[in-house]
Every structure is written in C-alpha cells, then in structure tokens.
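The two complexes that follow have chain A in common; it is paired with chain B in the first and with chain C in the second.
Let's turn to the complex of A and B:
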C-alpha cells in the first residue's frame, strides 16, 4: 500500500493505492487520524485502491467519526469499484459523503 | 511441540480440488491467499464480480484465524482448500488452534456505526452457507463456506 498526503489551500487530500488490508491498515489508520488532527477538511482519494478489507473500512469509520466529533468535513473521493463493493456490503456507501473526483470534493466539501 | 495437523482437510471429499495451500497465520500472507483464491475461482467459471466477492469472504475468514484463533501463536499454520462441487464453490479453512466458540464470532448490527466487527457480516452476506464443522481427532477448527455459482 502507498500513501500520498497532499496539502491543498483549505483541505488535506490523503490518497491510498494498492491493497488496504490487515497488514497495511494500521498505517492507513495512523495517516487518516493524523490528517483529521490537522483540523481541516479531509478528502480520502481511493481511486488507486485495488482491495480493501474490513480492517481498512474500520480505519475509515474511525477517522470519519473523529472528524465528525470535531465538526470537520470528511469525504471519500474517486472510490474504486472494488472499494465501493465493500462499502456497499458494510452499508456504508450511504453513510460516507462520496465525490467523483478530488476537484468535486474540494469544490463542495471545503 | 505442537502436534502437526493432517495434511488434508477432513470431510473434503466434495468435488474437484481447485486450491490446496498450507500457510502460516500471518497478516503478510493474506495477499498470497487472495491471489491464489482469485485465480482458482476464476478458473472454474466464476465471473469477475463473484470471484472478487469470494476473495473478500475468504480473506475475512482467514483474518479471523490470524487475529483470533492464533492470537497467542503467531504463525501457526492453517489450510485453505477451495473445491468445485457441481454448481458450487466450497471453501474449507482448517486451523489447528484452540477451538473457537462460533457464538463469539457474530456479525454486529450494521446500524451500530463503529469500527470493526464487519468481517463476519461480509462472509455471511457473500456466501450462501457459512458453518463451523466438527473436526475429527485433532484440535482446531474447520470452517466451511459455500457459494452457488451456477
């Protein structure tokens, strides 16, 4: 799994690529919570994710809840087909705010 | 020293063997298992979508073995067997850890939004049957999951 964190003017974009699984999700969780701690809107780019498991989804849920508690925006963008299937199985596809592109997310969530 | 379990999975005389692998229960081995299962089920006529779903279910079941069954014994071995039996894919996961009480592995309510507890739900949502079976003679657990594909 690869993680790329990009600071935008009023948000931070954290992009994951590869497999977010039991081995890599602790690193994903740490990166997500660190981004939420910056107290700016967080956009999670999932376009490069080829596989995500329940531990990866749990990391997203934990970061989403931390952001919500702090009253800040947290959204998923460019969700890959494989990721969307897992979110649907977890009935989370309607819980998370999802934008088609990073640009859409920056326009609407920030 | 732990007595090694049998090489074959008990009660596995169901159809044709598509995959049989014995692996250490380590998070770093899960990708190898996913790749092998995907190749096996695609090879028996599953669509890409069904194959991807079966991979999710098997991966989550393997995680339970890594995280729970062998929690105190990292690297204990387990067997992944995938079989084609008529119109069904049958997955058998055999570990040699302490016996797991199936009642302790229940899916959580999905409207309870919290991290964790999703894996068992994924397995039951995707597969048509998920059940622990009796193991004969040796310690451990045998999980059998069935997916109808035709």
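Let's turn to the complex of A and C:
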C-alpha cells in the first residue's frame, strides 16, 4: 500500500494505492487520524485501491467518526470500483459522503 | 599475565554462561572476576534499554556501587564505546572531553583511567563493560588489557541475547496458551449440532486461533428457530472479543425479542456505545418458522444471503442498512429493515466473506459463482454435508484459509 498526503488550500487529500488489508491498515489508520487531527477537511482519494478488507474499512470508519465528533468534513473521493463494491455491499455508501472526483470533493465538501 | 590464565578465565566464563539459568547473577560474578583479573579498582556492566536511549548498570564490582544507575545512551565514554561499537583505553579522563563527570559527582569517587569494551553480537549493540583505575604498575591500562576485555565481552553479549530470546520464547508460549484457551471458550459459544431433521446447521473454521466470525441458532418456545451469522471487521483477538459481545447480546435478547430487525437495532445501539477503533459487525439475524416454511431476516451490512430454490435458482438478499457499530444511518430506536421469504423447500445460506474471498485450490477466490457451483453440485446431500463440501473447497491444506470461514444453512420444507 502507498500513501500520499497532499495539502490543498482548504483541505488535505490522503490518497491510498494498492491493497488496504490487515497488514497495511494500521498505517492507513495512523495517516487518516493524523490528517483528521489537523482540524481541516479531509478527502480520502481511493482511486488507486485495488483491494480493501474489513480492517481497511474500519480505518475509514474510525477516521470518519473522529472527524464527525470534531465537526469537520470527511469524504471519500474517486472511489475505485473494487472499493465501491465493498462499500455498497455493506451499505456503507449510505454512511460515507462520496464524491466522484477530487475536484468535486474540494468544491462541495470544503 | 600468562596466556594460560586468560584462556582459563575465558573457558570458565564461557562455561558459566552456557550452564547458567540466572543470567543476572552470572553477569555479576563475571564482572567481579574480570575486574579482579585485570586488576581494576572497579568494573561495571551497562545494558542498553529496548529503545536504545538509556544505558543502565546491571552489575558492578569493586570501589563503586552503581548498580541500577542509568545514564543517557550518548553519555560518557561508555556511551561512545557503545555508539562506535569499538573498545577504548582512556589513560587520563581529564584529557578526554567525552568523559562524563556526573557519575563521579554522585559517588564521590575519582576516576582517572578507563578501559571499556562493547557488548555486541555482529551489529546488534547490547551494552558495554567498563573498568576504571588500574591498580598496579603505573595505574594505566595496556592495549593487551583491552584485547582481553574484548575477548571476554563476546560470551557475555551472547549470553545476554540468549537470555532475552529465552524470555521472549516463554512469553510467546504463554500468549499461545492463552489464545488456545480463548479459542476453546469461543468454540463453546457455538451451538451444538442438532440431529436431523433439525433444519439449521452451521460451520465455523477460524483462519487463526480465534475467530472474528460467529453463528448461532436456538429454538424458541413457540416452535420457531432464531438464528444469526456475523463477521467482525479485522481478525485476531480484538475481533474475537467484539464477536463474543455481539453473539452474547444476540443470544440473550433473541430469547425475548422475536423480531430480527428490532433485535439488530438494539445490538447496534449497544455496540455503538463501546465500539473502538472503527470496528464494526456485519450480521444477518433471522427467525425460521418451520410450520409456515418462512424466514424473516434483517441484514446489517452483511454479504447477501443466498436463497437456493427447489428449481436450482439462487436469489441474493442484499443488506439494506449499514453494519452494527457505525453509529450513522439509523436512529438509536430504529430497527433494521426486515425481509420475509418463503423457503418453499429450498435452502437459505448465510456466509461470511471468508467464503467468497477465500482461495480455492486453483489459487483463485471461490467467489459467489464458485459457492453457488459447490452448493449446486452437492444439492442432493444432507445440509451438514453440503456445508462441509463448501469448507473443504477452501480449507484444502495448512495455511490455506486467509480469513475465517463461516456458513450456515436453513433447510426449508421440514414443516
């Protein structure tokens, strides 16, 4: 799994690529929580994720819950098909705010 | 000093370390012997802590008693010796800017010269042995003293590392035993198999010692049967602990609340109150009525159960609400949507994603199509044998399971 964190003007974009699984999800979790801690809107770019397991989804859920508690925006953007299928199957597409592109996320979530 | 004396000491120390069960005591005796043999006024053995930030004296001998004293890993000549992984002779500490006077200040002792050798195995730094103030002659340590100290440090470093490894092994063994006990308790939470014609059977094979999946079924006083199957996010002990909570809540509440949707709503509220680290539970809860051959199920974010009808067709029943423990998507009092299904002599299968994402023998995921194929091929077998056929397709050798495999079937047409 690769993580890239990009600071935009009013938000931070965390991009994951590869497999987000039991082995890599602790690192994903740490990166997500650190971004949420920065008290700016967080957009999670999942376009490069080829596989995500339930521990990876739990990392997203935890960061989402932390952002919600702090009253800050948190959204998933450019979600890959493999990830979207997992989220839809679990009806988590009803829970997360999802935007089709990073630009949409920056326009609407921020 | 004759070489034969050196060899005798080296042999003695090697023997003591090899046969010792109490490495601390052996180190203490070794430091005392080395200090005496090299005719130093004092000697101390320092060990690096796990983080590599502190050096602590664990054994000492002679004029200064500093056992238990800690200094920064960068401090003084001993710190430099460990950092460079190289022995040193400092004939006059007053001329060495690296000398740390704080220990002398604390003890009131006057250090003049130092001989120090690192304790290390290859590049792994363990600590150092430091000797101070040579007693006889000109009071200065010789190069031959350093060579000897370095030779003596080797078996000591090995003994320390061995003792640490032995401790780690004991700890590992203890954790393994505790995990096996936890697994035994967990297996005891699964319902006992019922003899035919009981219509519900299940299988659970953990990928690790303990499982994050579960299933359960129990008869209600009115003749209906309550059942469920769930999967906790992640694997291992944390998933197993949340599994026990969710399964326990279902079994307890399921005996008084005969509506799966309301039941999942209550468990959701309870799990949300204490869930940590974003962990969640996907679960299908249901009630089978043998008299009417109908099931009512509610699905909290779980893999869609499959209805295998009498004509061989499969119908998935997708979730309509998110998993338990997310805290969004339902109000606290809201129940999960329910679906009613007439089994019409077919079978309803509930399973975890360990079944569909598990690898078949050909190295590819079984996937939903593979599962349907196994069920179709074995449709004539009794339910327990059908479930075993699914498990066998995934659990085809040691280490074959990448996730817990759990499957439960409700055979219709019994009433």
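Criterion: the second predicted complex is superposed on the first by the 110 of 110 C-alpha atoms of A that agree within 3 Å, B and C clash if a C-alpha of one lies under 4 Å from a C-alpha of the other, contacts with A are read in each partner's own complex, and residues count from 1 in each chain.
Keep this in mind: a contact is a pair of C-beta atoms (placed from the backbone, for glycine too) under 8 Å apart; a residue touches a chain by one contact, two chains touch by 3 or more.
Values in this document were obtained by computation on a predicted structure and should not be read as measured data.
With chain A as the common reference, the superposed partners chain B and chain C clash. With both structures placed on the common chain, the touch criterion links A:19 to chain B but leaves chain C unconnected. Once the two complexes are laid over each other on the shared chain, residue contacts for A:10 go to neither chain B nor chain C.
Look at A:95: by the touch rule set out above, it reaches both chain B and chain C.
Of the two partner chains placed by superposition, chain B and chain C are both touched by A:65.
When the two complexes are overlaid on their common chain A, residue A:38 makes contact with neither chain B nor chain C. Look at A:57: by the touch rule set out above, it reaches both chain B and chain C. Common to the chain B and chain C contact sets on chain A are residues 22, 53-55, 57-59, 61-62, 65, 89-91, 95.
Interface residues of chain C, counted against chain A in their complex, comprise 231-235, 277-280, 282, 301-304, 318-323, 326-329, 353, 403. Interface of chain B with chain A (complex): residues 27-28, 30-31, 34, 49, 52-53, 55-56, 59-60, 63, 66-67, 110-111, 113-119, 121-122, 125-126. Residues of chain A that touch chain C in their complex: 22, 25, 29, 53-55, 57-65, 68, 89-92, 94-95.
Listed in rising order, the residues of chain A touching chain B in the complex are 19, 21-23, 51, 53-55, 57-59, 61-62, 65, 82, 85-86, 89-91, 95.
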